[in-house]
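Consider the two complexes below, in which chain A is the common component and chain B and chain C are the respective partners.
Here is the complex of A and B:
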């Protein structure tokens, strides 16, 4: 590149501030990334449960009691919505991140990858729910 | 111009370095007909309203990759975008995002060209092939592996779509990585070891956060996001293999 000063060139660089508000695609991306914080938050809740379990019966019961509080229930509902959205967007992106998957010499379509991912998530969730339900009942 | 009754308002981002401190919008009223592309709208301005307007174009049929610009905020080819899809709305045209503006709708593409050169976008043979050995043979399946990535026309729309490139212009970027991937996938090529250091580098694939907008805007359905993300796995493989490969696996 010749020097912009000596040649009279004065290339203008536009600022990036607020880039994620410029386009609905970016906004959706930011929301999707933000929902990862809920995944982390819920992992933390489970880790605390594990620590409380190691501290004995009383500590464990206290943790279970805390989970039943209205505030905790509201938190769980919000987290469920956020994680569901995260799951949805995660599997929508998945075809873009995988190398081509060949099935009988044919390339697996993007829709097939996304749908099988979503189906796997739903099935695993239902199995887990059924397992916990049967233990609880 | 067959139908001059209808007109469309066209806001163009102008930047004339000799007189403008920063870019500013200029509005023109352009005759509109069903078959007009945005490029034709700009050509009307240049021919009849303001001859100083600068923009790049060549083929008018989405194969040369010259007329990429921001059209109502989205990276598009001006020749492949039609006024009828915007009419009666207002049209706003700006130079491709994330690149420095040289003048009006013309961007500085030196960075892209330098990166294009750096990935050696040509077949690198293991040994020089003699003419007497004849042509390379390749099966349809081998060709299918890279074909999609070879459709790139270097229009740079994917760079204007990539916020990570906007934030860090050192990033190799979607289109270049797609081309790099195209040659690495080619059965006739053995230049991987020359290209992988670029993939693995500080400016390589791990700048990508899988926004995915690059694949969305690509006018040739190249899917650069796929090339970038597949190479994240390739790069990780490259890194870990050296612990188990004899000779450190350092290629």
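Here is the complex of A and C:
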């Protein structure tokens, strides 16, 4: 196949610059994709914590102290919102990312998949909080 | 025509993306709340929840170590893959540079996580 450039034609190419700001569907798509930045930032906070933990008590206490700074609290509140939004969108998209699930010969509905995913997230979160509470209270 | 018989590595990255997306969707918000808000502000949980002795014992146990390993590395791989594809969506095609940042950094982070956990386990 010859490239369109060599033929001398200059077909109209719709510009793609800023496409994601053109409608709310695209905008929402980019916002839920951007939650990945917060997942990465939080993973980095945890990784630094693990490295500090391996360096002894003084290093670990320094990390805990840093988490108490107002800047850190603000960062974690924003991160909580972003990752909660990730949870919401993750299970809303799931009906389209899973292969069809058949239950008694009928296809599992989109709502059933999303609702069970969100319910699982709530249950797992409560179990996690309960475990942390009971282990160290 | 020469057929490229090389196996695609895409499924591996997609699997890491999916596993990390699922894990962060299930435990991410509560983990951020516990480590970043509740414990630093002394809300809801006891003040010594994340004390050195407690967290060291947790990271030292097999189940705790595996949980921390899964969370840190999968969160990184999930983000890297998603950011790589979003850069493409934004029209940023930097090829090797983008790949280095989006897949190289998660790899380095995975190695650092293993290093930290192993040195905790055998210290």
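Quick note on the criterion: the second predicted complex is superposed on the first by the 124 of 137 C-alpha atoms of A that agree within 3 Å, B and C clash if a C-alpha of one lies under 4 Å from a C-alpha of the other, contacts with A are read in each partner's own complex, and residues count from 1 in each chain.
We take it that a contact is a pair of C-beta atoms (placed from the backbone, for glycine too) under 8 Å apart; a residue touches a chain by one contact, two chains touch by 3 or more.
Since the model is a prediction, treat every value here as computed from it, not as a measurement.
*Asks:* Determine, for the superposed model, which of the two partners chain B and chain C contacts more residues of chain A.
*Replies:* Residues of chain A touched, chain B against chain C: more for C.
*Asks:* Once the structures are superposed on A, label A:64 by its partner contacts, choosing first (chain B), second (chain C), both or neither.
*Replies:* Second partner only.
*Asks:* Report for A:37: first if it touches chain B alone, second if chain C alone, otherwise both or neither.
*Replies:* second
*Asks:* Let me test your reading of the model: by the given contact rule, A:25 touches which partner, first (chain B), second (chain C), both or neither?
*Replies:* first
*Asks:* Touching A:73 in the superposition: chain B (first), chain C (second), both, neither?
*Replies:* So A:73 only meets chain C here.
*Asks:* Go through the superposed model and pick first if A:13 touches only chain B, second if only chain C, both, or neither.
*Replies:* first
*Asks:* Quick one: classify A:132 as touching chain B (first), chain C (second), both or neither.
*Replies:* In the superposed model, A:132 contacts chain C only, not chain B.
*Asks:* Please identify the positions on chain A that touch both chain B and chain C, taking each partner from its own complex.
*Replies:* Touching chain B in the first complex and chain C in the second, residues 16, 20, 33, 97 of chain A appear in both lists.
*Asks:* What residues of chain A sit close enough to touch chain B in their complex?
*Replies:* Contact set of chain A toward chain B: 1, 8-14, 16, 19-20, 22-23, 25-26, 29, 33, 93, 95-100, 105, 107.
*Asks:* Under the touch definition given earlier, write down the residues of chain B that touch chain A in their complex.
*Replies:* Per the stated touch rule, the residues are 15, 17-18, 22-23, 73-74, 97, 100-102, 108, 110, 141, 144-145, 163, 166-167, 209-213, 215-216, 223, 225-226, 229-230, 232-233.
*Asks:* Which of the residues in chain A come into contact with chain C in the complex?
*Replies:* So the residues of chain A in touch with chain C come to 16-17, 20, 30, 33-34, 36-37, 39-40, 42-47, 49-51, 53-54, 57, 60-61, 64, 67-68, 72-73, 75-77, 79-80, 83-84, 86-87, 90-91, 97, 117, 120-121, 124-125, 128-129, 132-133, 135-137.
*Asks:* Help me check something: in the complex, which residues belonging to chain C touch chain A?
*Replies:* Where chain C meets chain A, its residues are 18, 20-22, 24-37, 39-41, 45-46, 48-52, 54-56, 58-59, 68, 71-72, 75-76, 78-80, 82-83, 85-86, 89-91, 109, 112-113, 115-117, 119-120, 123.
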